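Reviewing the structure listed below.
Going in written order, the chains are labelled A, B, C, D, E and F, and every chain counts its residues from 1.
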Amino acid sequence: MATKILLINPNSNDAVTEGMREAVAPLSIPHGPVMECMTLHTGPFGVETQRDVDSVAVPLADVVHARPDAEVYVIACYSDPGLAVCREATQKPVLGIRECSIFSALSVADRFGLIALSQGSVRRHSRAFREMGVSTRCAGFAPLGMSVAKAEEPGAFPHIEAAGQRLLESGADAVVLGCAGMARHRAPLEERLGVPVVDPVQAAAAQALGLALLRAA
Amino acid sequence: MATKILLINPNSNDAVTEGMREAVAPLSIPHGPVMECMTLHTGPFGVETQRDVDSVAVPLADVVHARPDAEVYVIACYSDPGLAVCREATQKPVLGIRECSIFSALSVADRFGLIALSQGSVRRHSRAFREMGVSTRCAGFAPLGMSVAKAEEPGAFPHIEAAGQRLLESGADAVVLGCAGMARHRAPLEERLGVPVVDPVQAAAAQALGLALLRAA
Amino acid sequence: MATKILLINPNSNDAVTEGMREAVAPLSIPHGPVMECMTLHTGPFGVETQRDVDSVAVPLADVVHARPDAEVYVIACYSDPGLAVCREATQKPVLGIRECSIFSALSVADRFGLIALSQGSVRRHSRAFREMGVSTRCAGFAPLGMSVAKAEEPGAFPHIEAAGQRLLESGADAVVLGCAGMARHRAPLEERLGVPVVDPVQAAAAQALGLALLRAA
Amino acid sequence: MATKILLINPNSNDAVTEGMREAVAPLSIPHGPVMECMTLHTGPFGVETQRDVDSVAVPLADVVHARPDAEVYVIACYSDPGLAVCREATQKPVLGIRECSIFSALSVADRFGLIALSQGSVRRHSRAFREMGVSTRCAGFAPLGMSVAKAEEPGAFPHIEAAGQRLLESGADAVVLGCAGMARHRAPLEERLGVPVVDPVQAAAAQALGLALLRAA
Amino acid sequence: MATKILLINPNSNDAVTEGMREAVAPLSIPHGPVMECMTLHTGPFGVETQRDVDSVAVPLADVVHARPDAEVYVIACYSDPGLAVCREATQKPVLGIRECSIFSALSVADRFGLIALSQGSVRRHSRAFREMGVSTRCAGFAPLGMSVAKAEEPGAFPHIEAAGQRLLESGADAVVLGCAGMARHRAPLEERLGVPVVDPVQAAAAQALGLALLRAA
Amino acid sequence: MATKILLINPNSNDAVTEGMREAVAPLSIPHGPVMECMTLHTGPFGVETQRDVDSVAVPLADVVHARPDAEVYVIACYSDPGLAVCREATQKPVLGIRECSIFSALSVADRFGLIALSQGSVRRHSRAFREMGVSTRCAGFAPLGMSVAKAEEPGAFPHIEAAGQRLLESGADAVVLGCAGMARHRAPLEERLGVPVVDPVQAAAAQALGLALLRAA
C-alpha cells in the first residue's frame, strides 16, 4: 500500500484545501506517496487571529493521533498552529509550512522577504523567526491587508506583485508567500520578480515527499 | 524527456559516488526526475583540507555550466565547496548538502548535533553555522577523526554511534551526518538513537526532487 | 472599589492555587489592589505536556474575556500558555510568569539559571528564551524530573538545592524557579545559594501590582 | 519601621527629583514601603554627556553604601550610571531605570521603541541594548534633541508625540520614555498612541516595590 | 635581514598594486619591516565576481607557500579570497583586508558603514559579517556600482562622498572603504565626513606591522 | 617632532607601567612614533573591582584632555575603563586594550579564549563581549584567581599555562591574556600552546602605531 502524506488544512474552507490539492499535484508521483489533503472542518473559516491559531492546536493533534495510516504530516497554515503538540502526538515527522518555507528559501538564497496577510500576522511570524534563529536572514515583511480567502483570488496578484517588489528593494533575494492559499500566484510572481518564490504548502509537501520516500526505503 | 538532477561528488572516489547513488535510490521515482550522480575526477580523493575545498570550487562551477541539461544541481560534499560560485554560474537552483542537512534537521527537531569527520572540519562547519544564523540551534559537534573513505565503511558504525550518544547528551534531538559518504549508517543509527538522523546527500536530493517536480509543473 | 489583579492557575489543582495565594500574600496591600487567585477547573491537574499547554490557551482567553472586572491578568503557569491569545482578548495588560521571572532576574543579575520540572519542559523554555532574545543571558538549565505537585512539596527542597548549585557552577548569578508551585522554596533557597532566587508567580504579581497602581492613578 | 526604597536622582536638578516624586506617588501605599526620592547634589544639573554619566558612578555607590537603611535602591537616570559599582557596594537589589523600563515594556509587548533625549544618548543606549541582549526586540530610536530639563516641560509633548508616532511606524508596539524626567507625558502619550507607554522611573519603582514587599515578608 | 610583510594583490592590475604601495608607504619605517607589494599575475584584472574570488584562493596559498621569506602575509582583496586556505599553508599570520578593516573601525567606533563596489559584493560582505559575528555593528552598506579600476580614479570621489553621507545618516560613526584600491580617497573623505575612514589595505598593513615587530622581538 | 602615543596605566603600580614599557619596546621604532607609558598615580594600586574601574574613568579623560601633545591614546587596563568618556574628550583615537586584544585575536583565529584575573572580572568581560557582538566567537574563560601584581610575576606562569590548556580544550584557537601586566608570559605561552597568544597592551600599541603612522602621513 502506498505511503501516505497527510496535509491538514486547519481553515474550514474547502476552497483552500482544493487550492492545496492543486498546489501539491506536481508532487504526486505515480506509484509514489499519496498526498491526501483534508480540511479540519471544526476550524475557523480562515485562521487569522491568534485565537484561531490556538483553537486548532489540539484538534490538529487529535487528527494526527487518529490517522496513524499517514507516514508524514503537514500542518497547512502559515502560523504553524499546534506544531509542538502534534509532534508530541506521534513519533513520525510533522512538518509546518512556515518552517519549511523559510528553510526552502534559505536553501537557494541569502535573505528572504515574507508576503504576509496582515500586520497582525507579521508580529506572529516575526516572533517565530526569532525563535527559529533566522531573523538576521529576513530582509523584511510586506503585509497585504487581506483575508486568507481574498489572497487566494486572481485579483490579489497585483497587490502581491507590489509587495514582492518592496521586498526586493529591502534586499531579499527570495520571496516567501506567507499563507496556505496563495500557490497559484507562485509561478507568475517568480517570473515577474526574477528571484525564487516559495509557496509554503509546496515547500512542506516537497520536504514530506522526501521523508516519505526515505522512510519507505 | 525526464527532468534531471545532477549530484556532483567532488571527491574523486567512485566508491563515494556509488554510495551516493544507493543513498538517493529511494528518491528515484519511475517516470520522475532522474538522479544522476557523477564524480569530479579532477578533485582530490577525499575533500578534507581547506585546500581540497577551495580547489574544487571553480571546477564545480565549470561542471554546472557545462551541464545545462540538468534542472537542479547538488554539490555533494559536506563543506559545501563552491556553492556561491556555482550559483553564479546558473539561474537554476544549486543546493549544498550541508545547508540542506541542517534545514532538514530543523524541520523536525529543535536542536541538531553534528557528527563531523575531524576537529578541523568542525571549525569549518562552525563558521558556516554562524554565517547561516543557526548557531543557537546547534547542540554540539562530535568529530570522528576519520577520512571520508573510512567513515563510509561498516566498521565505522560503533564510533558513529558513540558520537551520536554524546550529541544526545549535549541536548540534540536530531543528529546530522557530516559527510557525503555516510548514508548507509543513517537508518541503523536512527534506530539506535531514537531521534531523527539526517544524511546530507539524501536531504539535499529530497529538496532537489521537490524543486525539480515543481519546476517541471 | 479596589483594582483587581486576576491570577489564573491553569492547573486544576487547588493546592497549587493555594500556594500561589500564599506566595502573593506579601504583595496584597491594605487598600491596595486585590490579588485574586483562581483555578481553571477545566485545565489538567498539572500542565506538563505540550498538549496540556495548548489545551488551556483558549479557555484562559475566555476567562480573561469573562472577567473585565480585573485590571491586570497573570497567567500562572511557567509555560506561559495562551499568552498571545489572552492579549488579543483584552486591551489590558496580561502577564506571563515565565516572561516576568526572567525579566525580574535580569533586573538584578547578569545571567540566570533555570530550575525546570523536566527535560521536556527545558526544550519548551529554551525555545521561549530564543524567542524572547535572552538566550545569551541563560547560564543553563537544571531539570528536576518532577511533577508540578511533587515540586511543591517540602521534600523537594534538597533536589532543588542541588539543582541550584549546578546552576551556580554554570555561571548563573541568579536562579529562577521554573514552575508556578515552588514559591515556598524561594526564601530558603536564596539563603542557601547566596544569590537572588526568583519565584515566577511572585515576579509576575509584583509586576502586576505596579501596573495596577499606575493604571489606577 | 517601614521598608525604604531609595530613588537617587544623579541630576542635581531638584525639579527632576520632584517630578520623580510625583511619578512614583501612585506606588506609595499607606503602610507600605516608603519611596524616598533624593537628589545627588554633587551631580551635574543634567546627566547628558558620557562624562556626566561616569562622574556620578562612584558618588552613587557612596550614597548606596551610606544608606543601609534602604532595602532597595533605584538609580534614576536613563543611562543607568554606576549600576555595576552600586551593586558591588551592597548585597541588596540595585535597579537601573533603563533596564527596568525595557523589561517592563517587554512584559506586555513584542518590540519597543525608545524616545531618547539626543542622538548621542541613542548610541549609548544602543550599546546597552546589545549588552542586555535585547537589540532584536528594539524597533527603533527617536531622539528629541532636548535637554533633561526641557523634556520635562509641558511644551515638549508635541515633539514627544511625533517621536512616538515615528516609532509606531517602525513596528514598535510599546514606547519607552528614555529619560528620568518625562513621567508627566506618559499617560497622555499612551492615550494618543494607543499602545503601552513606559516611564522608566515608574517601571523601576514598581519593580522595587515588589522586591521590597517580598523581602519584608 | 629585515622582517618582510608580503601583501599580495590578487587583481592582476599593477595600478592597484602601485596604489597599495603608496597606501602602505607611511607604514614603511627605516630599518623596520619591509612591505613588499606583489601582483598575482594569474588573477583576474579585477576580482569582482564570486568566480574571481574563488579562482584566486589556491594560487594565493601557493604564493604563501612559495614565499617562506615573509613573516606576515596580507591578502589584499576586500572579499578576503583564500584566507582559510592560506592560513592552512603556513603557521605564520595571514591577514585579510576585510577582516582587518572591520576590526580597525570597531577599535575606534561603535557602528561602521561599508562603501562597497557593487550590490553583488554587498551580499558577499554581508555573509562575511554574519560569519564574523559583527552584523549588529554594521550600520549599512552603500554600493557604488563601479569596477575596482574605476573606484581608484580621482573622479570617483564625489560618488564615494555621497555614499559616505548616506552611511552617516544610517547611524555609522566610522566608514570603511570596501575595496583594495581606494586608499587615495581615505584622507579627503575623512576630512569631509568628520568620522574615521578606514582603508582596508592600510588597516591590514598596520596590523601586519605590529605582528612583524612583535614576532621579531 | 615625533608623533606621540600615550599609554596610560590606570593602576598606580609603576612596576606594571615598567612591564608595559618593556612590552611595547619592540614597537618603538627609531624615528618612529614615541611610545610614552605613564602611570595614573591617583588610580588604585591594582584595578580589580568595579569601583576601581569606575573611579579612574574621569581621571583618565582628564589626562587625555591635558595631553593634546599625543596623537593616539591607549587605556592600558583590561576592563577598558573610561573608554567612552575619553573618546568624548578628544577627536583623536582612543584605544582600549580589551577591545584591541580581541580584534587582534580574531584577525588570525576563529575563536578566542580569555585568561582572566578573577571570576569577578569574567562577568565584566563577558558583558563587554556581548556589547561588542563577539560572544559567539569566545570559546571560554579561564580565571586565575590572582591580583594584577601577582599575575605579572614569573611564578604565575604554570597557572597561566594550565589556564591556556583548558581554553584549547574548549575549542579556542587563540588565547588572550586578560590583564595589562602579563606581557612577559606571552612568548613562552605561545610556544607551549602552539596557537597565537595575544598580549592586550601589545595589541593596542600595535594598533596605535599604525594609526599614528597613517595620521602623520
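By our rule, a residue touches a chain if its C-beta (ideal position, glycine included) is under 8 Å from a C-beta of that chain, and two chains touch if they have at least 3 such contacts.
Bear in mind that the values here come from a model prediction, so they are computed numbers and not experimental data.
Trainee: Which is the least count of steps on a path of touching chains running from chain A to chain E?
Mentor: The least step count works out to 1.
Trainee: Need the most distant chain from chain F, centre defined as the mean of C-alpha atoms.
Mentor: A
Trainee: Taking each chain's centre as the mean of its C-alpha atoms, give the chain farthest from chain C.
Mentor: Centroid comparison gives E as the farthest chain from chain C.
Trainee: Based only on mean CA positions, could you tell me how far chain A sits from chain F in angstrom?
Mentor: 52
Trainee: Could you tell me the distance, in whole angstrom, between the mean C-alpha positions of chain B and chain C?
Mentor: Going by mean C-alpha positions, chain B sits 43 Å from chain C.
Trainee: Can you compute the centre-to-centre distance for chain A and chain C, using the mean CA position of each chain? Integer Å is fine.
Mentor: Chain centres of chain A and chain C, defined by C-alpha means, are spaced 33 Å apart.
Trainee: Where in chain A do residues touch two or more other chains at once?
Mentor: Residue numbers touching two or more other chains: 87, 127, 130, 132-133, 135-136.
Trainee: Got a list of which chains touch which?
Mentor: Here the touching pairs of chains are A-B, A-C, A-D, A-E, B-C, B-E, B-F, C-D, C-F, D-E, D-F, E-F.
Trainee: Show which residues of chain F lie in contact with chain E when the two form their complex.
Mentor: 25-27, 29-32, 87, 93-95, 99-100, 103-104, 106-108, 132-137, 187, 196, 202-203, 205-207, 209-211, 213-214, 216-217
Trainee: So in the complex, the part of chain C that touches chain A is made up of which residues?
Mentor: By the definition above, chain C touches chain A via 49-51, 53-55, 57-58, 61, 82, 84-85, 87-89, 124, 127-128, 130-133.
Trainee: Can you list the residues on chain E that touch chain D in the complex?
Mentor: 110-111, 136, 173
Trainee: Given the complex with chain A, which residues does chain E contribute to the contact?
Mentor: It comes out as residues 123, 126-127, 130, 135.
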